[in-house]
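Both of the next two complexes hold chain A, though its partner changes from chain B to chain C.
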Partner chain A sequence: MPEQEIEINVSSVLAMVTGGRKKFRCIGSTVNSVFEHLFDQEPSLRVHILDEQGAVRQHVLVYVGDEDLRWLGGLDAELNSPTTITVLQAVSGG
Partner chain B sequence: MGVLIIVGTVKGAFLVRSDDKRNSWTVDGPHFKGWKVTTASRNSNGEYFLATASDTYGHAIHRSADLENWTQIVDGPKFEEEAQRKLNQIWFLATEADDYYAGVDEAGLFKSTNHGDSWLPVSGLNEHETRSGWCPGAGGMCAHAFLRDSQNPDRMWCGISAVGVFRTEDGGQTWTPKNQGIKVVIPDEDDSEIGFCVHALAQDPDDPNVIWQQNHSGMYRTRDGGDRWESIQNGLPSTFGFPIVVDPHTKWLYSFPLHSDEFRLPVDGKCQVYRSQDQGDSWHPLGNGLPESRYHAGVLRGAMDIDGHDPCGIYFGTTSGTVHYSNDRGEQWQSLPDIFPRILTVKVFSESDA
Partner chain C sequence: MLTSAEISRYSRHLLLPEIGMEGQERLKAASVLVVGAGGLGSPLMMYLAAAGVGRIGVVDFDTVDESNLQRQVLYGKGDVGEKKLDAVVRRLHDLNDYISVERYDTHLSSENALDIVPQYDLVADGTDNFPTRYLVNDACVLAKKVNIYASIFRFDGQVSVFGTPDGPCYRCVYPEPPPPGMVPSCAEGGVLGVLPGILGSIQATEVIKMICRIGDPLVGRLLLFNALDMHFRTLKIHRDPECPVCGTSPTISNLIDYEEFCNGSHHSTEDATETLTAGQMNSPGIPELSALELKAKLDAADDLLLLDVRTPVEYQMTNIGGTLIPLPELQERLHELDDFREQEIVVVCRSGARSGSAVAFMKKSGFSKVRNLKGGLLAWSDTVDASITKY
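Let's turn to the complex of A and B:
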């Protein structure tokens, strides 16, 4: 499966732990492999996106293009073309 | 000699610095805007540590030499995958000695022997034989209080809400519940050693065996390191409250009682700190300069602290975002003009110690 070039955008709150950086260029063939490339570049993000069991945190939303990652099969979802991944917090709380 | 107050709120940290007389203040922040800031500490080299949490993005520890540039510790406290536990929040950081400790929710203790670069679970406590009976209280189930014997670093105490106080004599290898004399809050069918809801601990700086405890069920004191606790309620308007701090010079104690575990509001709508000048035998209200009536905010367990000055300063932050302080052992109180978000923690550092 060919690797794709992916742009990952993170929220402003997460940018507090990346020195203000919100955009990352990553490569991979699945969402999981793209995230691993992201964590190679910015190790501080792992604990904020994935939980202790390695799943996406319950209240973190991940969009692949316009699609919610949950409807694409989760972290093993394949990436067949260059796209954008957006990491957001769920709209909840105060 | 001024002080630095790190005010941790649900929406970030504020750095409040005083002049030498602790009368005039500057406020800088928010740092970590949007994150809960749950506790802070400093090590012997003057390096600061600060814990953040988020219901969405989880927890982390950050460190800084200058309070401006912060670096997240990547290999922070973390439960093993097979433990099936969730680390929600870091409740305390003890970084004064060479080995560091962190207490967390869901209840656990972690240790670092490389100045915070990496952390390992303290299995002797985290996998304690009573663990299956540990139950959360209203504030979760957190290891939030930590004391160390200044004359024997292998001897430590850890307080876990809704569970109780544990003591180790062997550097954390084994831990023993130390709650005799305290009223049980959550009786366990099988184990009478747990179910005691410690809220905060304070220790005599000269005699590590003398410890005071604000508990869910009242104020207590031990003179033998926790082997036996006695109730010290004389003069207090209620049994409930969260913080307890001690002035290292006079050994006077300060607390902020609340009306019952059911309501958790200031007693009679008054903002009053209670002080004991006789090691807890009796307590008296202090309120000069504090709001006199119609006051309905609480003070959380980490939100009161004391500086090392003589006369000592006492500082507390409230759930409605105000900070109040006294620079004369509690005789007269003043308030900062700023209104912060809900305050989770107040940590005070003498600027001259850095």
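Let's turn to the complex of A and C:
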């Protein structure tokens, strides 16, 4: 399976742990492998995106292009073309 | 039926074919419950009142604080210190005395939500914390009411319409809240004052569309807004057949303890200390002392280290001295405190939440005499030194 170049955009909340950086360039053939590349670049993001079992946290949304990762089969979803992954979180402010 | 005076008042609506007489009469006959009279609630309630929504219920227990005025545009300087609901009723009736405003001077809770929510056609969620977000959602699903949702943080906002017969609910999108301390509140992370104006106005738009049955409401869509990029994006969201409250085999049929749901049971005890970001944790078992006790120790020149875990900007705004290590940096910089492992340490932040997370983490890391300043600098300002700015 060929690796794809993926742009990952993270939300403002997550940017609080990356020193304000919101865009990352990653390589991988699945969402999981792309995330591992992301965590290599920014280790502090791991605990904010994945839980102790390695699953996406329940208050985090991951979109591959315009599709919710949960409906694409989860972290093992294959990436067949260059795309953008968006990672956002629930916020509670009002 | 609209009166002659109402026809005159609402003429710009009546001229819109999508609204017209029928839509305006729907607005007049409608009732909307607004939960939270804060940043979102301010423009939301004002536009609903101006638009002629016949009955507006408002749930809020708070008083107006000076720090609210940066974004909660319903209030003015003269309202500071007053009950928010007093100012709300006065302002909405000033905008439109053809409507009625019902006040609920209380926390929305599992005990009262199913008494209040069913009395209204729609609910608009403008609250500022996760437990109430889940409470509003579950109460709306159980009472079969649509929930017009918005939330904000810093420069970002989210809006959706939850709880329609075929659409997702809040739990379908966010099945569980973040672990305590992982997502900061606006009081800790800040918020652009204009942001709730934009998002609250979008909420009001969706309320009016739902009542008038026009347009394409944000059902099954999550609208994201970023003010810095001035960018709107809509994401498709799905109803989850396994959702515990609106799914095909729901497991939640009564309101639960939402504080416990958001602060406790399902989270790993490791979460809060591992993440070390701004926190909302009030964990039992964290050693603490009061502001007065800390004052006595400082006056007695006791040998203690004061550790402030807020951000540099907060420290600049106000401080009582002490060493500054922002909470997100604590894990990495813990070695700077190695000489104090056996010494008394008091950790402070704005409210005592982030410092509580820091204390939990430091105890786990071998600091034996570390305690949390209960109530943080807010308590210090209230009981020791009023010149310390509250924010």
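Criterion: the second predicted complex is superposed on the first by the 89 of 94 C-alpha atoms of A that agree within 3 Å, B and C clash if a C-alpha of one lies under 4 Å from a C-alpha of the other, contacts with A are read in each partner's own complex, and residues count from 1 in each chain.
Here, a contact is a pair of C-beta atoms (placed from the backbone, for glycine too) under 8 Å apart; a residue touches a chain by one contact, two chains touch by 3 or more.
What you are looking at is a predicted structure, and each value in this text was computed from that prediction instead of being measured.
When the shared chain is aligned, chain C comes close enough to touch A:Asp68, but chain B does not. Of the two partner chains placed by superposition, only chain B is touched by A:Pro43; chain C is not.
Partner contacting the larger number of chain A residues, of chain B and chain C: C.
Applying the stated contact rule after C-alpha superposition, one finds that A:Arg57 touches each of chain B and chain C.
In the superposition on chain A, no contact is made by A:Glu78 with either chain B or chain C. Shared-chain residue A:Val91: touches chain C; no touch with chain B.
Residues 12-13, 16-17, 47-48, 51-52, 57, 59, 89-90, 93 of chain A lie in contact with chain B in one complex and with chain C in the other.
Put simply, chain A touches chain C in their complex at residues 11-13, 16-17, 47-48, 51-52, 57-59, 61, 63, 66-68, 70-71, 86, 88-94. Interface residues of chain B, counted against chain A in their complex, comprise 32-35, 54-60, 62, 72, 74, 76, 78-81, 83, 85-87.
Across the complex, chain B is touched by residues 12-14, 16-17, 43-44, 46-49, 51-54, 57, 59-60, 89-90, 93 of chain A.
Considering their complex, residues 36, 38-41, 125-130, 133, 150-156, 158, 173-178, 182-186, 189, 191, 196, 222, 224, 226, 235-238, 268, 270, 274-275, 277, 328 of chain C touch chain A.
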